[in-house]
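After this come two complexes, each holding subunit A, first together with subunit B and then together with subunit C.
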Partner chain A sequence: MNGQKSLGEVLQSLPKQVLYIILIVFTSVPLFFPVKVPNQPLESSVDLYASLMAVKPGETVLFASDWTNSTRGESLGQFNSVMRILMRHNVNVVLYSTGDAQAPRVAQDAIAKLNEERIAAGQKEYKRWENFVSVGFFSNGEATINGMGTSVRSSFNGKKDFAPGRGLTDVYESPILKGREKVSDFPLLIVVTGSKTSNITVERLSGKVPIAFAVTGVMGPETGNFYQSQQIVGFASGLKGLYDLEGLMEDGVNNPDKSGNIAVKSSKYGPIPGFPGEKNDGQGKRYYPTLHFAVGLLILAVIIGNIGMFLSRAGGRK
Partner chain B sequence: MNLFLQSKVPNFWAQPFNSQGIWMGVLGGLLVGILIFLGLMFMPAQFRRPVVAFCTFIGGAYWVLLYIFPAPIDLQKTEMPTGPVESIGKWLTDANPVVVSISGTVTAFMLGLGIFSLLSIHLKRISRRQKDWAYSVILLVSLVSMAFFGYADYISRQGPDGTKLDLQANWGFVNYGRDLLFDGLLQQMDAAMFSVIAFYILSAAYRAFRIRSIEATILLSTALLVILSLMGAVAFVWNDAVKNMANGNDFLMNFQLTEIAGWIRRTFETSSLRGIAFGVGIGALAMGLRIWLSLERTGGGA
Partner chain C sequence: MYPLFTYDGIKVTCGVLATVGLYSVLYRENKFYRFFEHLFLGLAAGWTLLTIWVENLKGPWWDIMVGVPPEKAGDPIGNGNWAYILLLPLGLMGYMVFSKKHNWMSRIPIGIILGLWSGQQIQIWYNTYGKQIAGTAQPIWPTTWSSLTVPNYDKLQLAPDALAAAKSQVYLSQAITNFLFLVTVVCVLSYFLFSFDAKSKMVKSASSLGRYLLMIGFGAIFGSTVLMRFTLLIDRMYFIWIEWFNNIILNRH
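Now for the complex of A and B:
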């Protein structure tokens, strides 16, 4: 029967198994041969980087880690990049989660891996209690974030984390939370999320604290609304946003390299340094070429299907 | 006396960790909760509904009042509110953490409810050797082992040296057990499930994305432009070509791929998404009002 099919019909009826195998091959190959893809960062990513770098060393930021491994392809890389910037910039972090009960554990594991990387590179360990505390999971995100708008201290009341030599201790005994009662006492609130907690945060805390997001590609268009209305200061969306961040960590903004070339220019900011020579590449560099291949295949599949349709129509008219 | 002022002084709501008082409080709360549940269960239906409606109304009224009632501005802890408006505003603000805690606790009960439901369904299936009962065994073993290793890992971190366990070099058996189950199995399977979507997207796009009408053509070309703009290499080459052709002409520079995609995002995408969000918001408001006033029978009604 297959021999009787016209070319148009053949092009329209490729078996799904063939498509799946091509997809696996297309997406796997770049993983083994990583290449640096030329890139121009989006304005939203530049704003995210600038807002992270604008936090003064020694300050403490609120960090909602609302992702788990279901979106780790994007979220883990974003979390790592944001944490690397904060760690290198000596900014302290208060981790909390309203998105998923697994999220605090996943975030702590990610920080532990980053710490191992820092120690291996001869850098200072980013210590629990002294540099970051994990407040844990709040089962009712709407109420908790609403409460944070009134008083962060009250919302975190009774929450404990591990203090060295003391075991579980009230998080408000940590030096990084000293004097930070209201949400406005924090210079920035960062949300890395794969769920609707970004919406809940904007709805309840917008205008009370500068907010920055790192979201999945699917959430990008929706998040663009908040960015356009200036309810958030910046955001990274999906793998593209992650790749932008990694590039910005290497090049900075309006930051001339040794030969005087500026890789990323922005009229909004003065020179913002990067971290050249440090480990800036991560999931973004590894997966972004894969995204190219996957999207390229998607476009190719659509084109083939449409050519098949037109050929079939043309054949039918004869 | 402000019953909600609780942050500094240890009281009934904020007692030392692992103290006798807190355990008594937990036990007492549990008993009161059980009594309330039993009372509601055995209450005749015609009385149960007004009780549920009353609790729902009070719960909703608090959040509505907190949102619309003027809160005192910059009132210090040592200052007393002046006048009834400020007093009520302060009372509502002070009550917030307690209401948040209660709200979180009630939500957490869903976890217990979920476990109870899982156990009752799957134990029944196993005991009756119903179809696919072996999967139920796997589910329950996974549930118990994950809970055991998760809690044992948590306990192992309780001591003064607990922070040392943040580094893998200091791990023991339970920490490796938790890591194997949580990171090695659960999280990987979670990620694998999510990544399967890529296959369906490709297959669906190939079969369904056909240019059959003008609308479909507009949709396809718009999607193509936005997708291509996310491919850094393509955007770089396209923009470079436009820059070379434009030769400083500002109008032609608008045809850079990132400019076109940005224009589509700013004008069409965000405005249409805003419209959808606005509609969803109005719908949620209407549904919220119905639930708050217990007009919605399908959800919270008794």
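Now for the complex of A and C:
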């Protein structure tokens, strides 16, 4: 041995700090050069969009916001997209959280930013109490969601939110909760989550109210089971689901553009309009191309590692 | 005003420092990382404690027990519900688990919770898996040979009745998919036959195939997990380079 490493050994022994720096470069540089990635939305994403658009204006939906900044990369974009659709469609929202104590505050901050965006665009403010109420955090998700299956009013008993000019007031005094006692009085329950609260919701409320999810990529495969067996009406999974949703907000479904082209076709639905010209792009468009670079790097690393292993083995046999 | 010196600028800069601090562990364990780790845990614990009091105990329990104070002068005070005090000793009994002498008391609230939880399990199991089990019953024989694959319904432009009839058919490609699905279910289930020693060659082969199919499934799940971790890293990079460096330091929007 002359003490020098062979090429195979060099390829297999890159310092991990070097790999981290390469990864940081690959996940940073593309952010400055956004490109559009061609995309065909998944059926589950189309179903989520269609179920959101099927809620009649003026109706109130239940919205479990069970994510915090730990899954901001996926969940914030999903939350923003779903909220933008509901806001533009004049649907009221009852926000609650069973996943994390920080979740209600994070959701309220996100709505505040969306409101700034609406006001800047000359649109109507989405007002607390009149358009949405924040019921807050429930420390025992199983018991709360189980209770909602019997009576939403009982589950929300004692919960308060800020009413204009009145301070903290019982949430059931809000006009958007008037006459809505049971979970079946709501046309849709949406769960944006980075934890297992989606499973708990299916366990306790499946069949009692149409349920739609926006989940992180990790949860996508297990959520697919619920979707395939029609326990939920639609879902967006991870960054791909978010990118789908942002595209659907631009193009709609079976919705011809000015030149008569239909970007997204589906035999399940009639024409569903999009919101062209409005701010539909968000984290999906910003992060999705970069994700491709990161995955490309991963594949490259696997190939280099394998080449290194084969070269080392070949060298060892000589 | 230069954005770095605004409230948002200071807030985002603190976030960047925390992000860099937490990622510094990738180089090696260090005090900078430890500081931000403890800061994060302390903030999260403090926030959770406050939230549980404000949102779970005060409104739904304390206010109801002591009575609602009048909203404005002259309004009557709401009646208290003294019976809610009975929940307090029951809750405190849970903490007796830390006492060697009185830890038997903790079994009472734990027993109540376990009883309630167990009582729900049959319904929960059925709600979770009932429809999925029913969904495994798929036709594996085609009902039409007019097309080998599922036709593109959008191009056919059929009347609603004809479209519904076309959709109700099982095409060869669907039948093959369903057959593969059924084989997967049976093989995977056979892998979990631990109650007896499988000597049949067929059961052994099915079990072995089930193991490989499980690994393919786990691989797909792991792939999704890797994508999500990448996304979280991309989000942090966006936070540092665009939200902080570009928008605040360079003051470009």
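As a working rule, the second predicted complex is superposed on the first by the 315 of 318 C-alpha atoms of A that agree within 3 Å, B and C clash if a C-alpha of one lies under 4 Å from a C-alpha of the other, contacts with A are read in each partner's own complex, and residues count from 1 in each chain.
The rule is simple: a contact is a pair of C-beta atoms (placed from the backbone, for glycine too) under 8 Å apart; a residue touches a chain by one contact, two chains touch by 3 or more.
Computed from a predicted structure; not experimentally measured.
Colleague: After lining both complexes up on subunit A, report clash or fit for subunit B versus subunit C.
Modeller: clash
Colleague: Please indicate which partner A:267 is in contact with in the superposed arrangement: first for subunit B, second for subunit C, both, or neither.
Modeller: Only subunit C is touched by A:267; subunit B is not.
Colleague: A:290 contacts which: subunit B (first), subunit C (second), both, neither?
Modeller: Touch partner of A:290: subunit C, not subunit B.
Colleague: For A:40, select first, second, both or neither according to whether it touches subunit B, subunit C, the two together, or no partner.
Modeller: So A:40 only meets subunit B here.
Colleague: Report for A:165: first if it touches subunit B alone, second if subunit C alone, otherwise both or neither.
Modeller: first
Colleague: Determine, under the contact definition given at the top, whether A:221 touches first (subunit B), second (subunit C), both, or neither.
Modeller: So A:221 meets both subunit B and subunit C here.
Colleague: Tell me the contact category for A:304 with respect to subunit B and subunit C: first, second, both or neither.
Modeller: first
Colleague: Does the superposition put A:146 against subunit B (first), subunit C (second), both, or neither?
Modeller: Both partners.
Colleague: Between subunit B and subunit C, whom does A:207 touch in the aligned arrangement: first, second, both, or neither?
Modeller: Touch status of A:207: second partner only.
Colleague: Is A:246 touching anything from subunit B or subunit C once the two structures are fitted on A? First, second, both or neither.
Modeller: neither
Colleague: Quick one: which of 1-9, 109-117 or 163-171 on subunit C sits on top of subunit B after the fit?
Modeller: 109-117
Colleague: Shared contact residues on subunit A for subunit B and subunit C?
Modeller: The answer is residues 16, 20, 23, 27, 71-73, 101-102, 105, 138-139, 143, 146, 157-158, 160, 166-167, 217, 221-222, 225, 228, 238, 291, 294-295, 298 of subunit A.
Colleague: Hey, which residues of subunit B end up touching subunit A in the complex?
Modeller: So the residues of subunit B touching subunit A come out as 6-7, 14, 17, 63, 66, 71, 93, 96-97, 99-101, 103-104, 106-108, 110-111, 157-163, 166-168, 182-183, 186-188, 190-191, 193-195, 198-199, 201-203, 205-207, 209-212, 220, 224, 227-228, 230-236, 239, 258, 265-266, 269-270, 273-274, 277.
Colleague: Within the complex, which stretch of subunit A touches subunit B?
Modeller: 14, 16, 19-20, 23, 27, 37-40, 42, 68-73, 101-102, 105-106, 108-109, 111-112, 115-116, 127-129, 138-140, 143-144, 146-147, 150-151, 153-155, 157-158, 160, 162-168, 217, 221-222, 224-225, 228, 238, 240, 243, 288, 291-292, 294-299, 301-302, 304-306, 309
Colleague: For the complex, which residues does subunit A have touching subunit C?
Modeller: 16-17, 20, 23-24, 27-28, 31-32, 71-74, 101-102, 104-105, 136-139, 142-143, 146, 157-160, 166-167, 199, 202-204, 206-207, 216-218, 220-222, 225-226, 228-231, 237-239, 265-267, 283, 286-287, 290-291, 294-295, 298
Colleague: Show which residues of subunit C lie in contact with subunit A when the two form their complex.
Modeller: Residues 26-27, 44, 47-48, 51-52, 54-56, 59-61, 63-64, 71, 116-117, 120, 124, 127-128, 131-132, 134-135, 153-154, 163, 167, 217, 220-221, 224-228, 230-238, 240-242.
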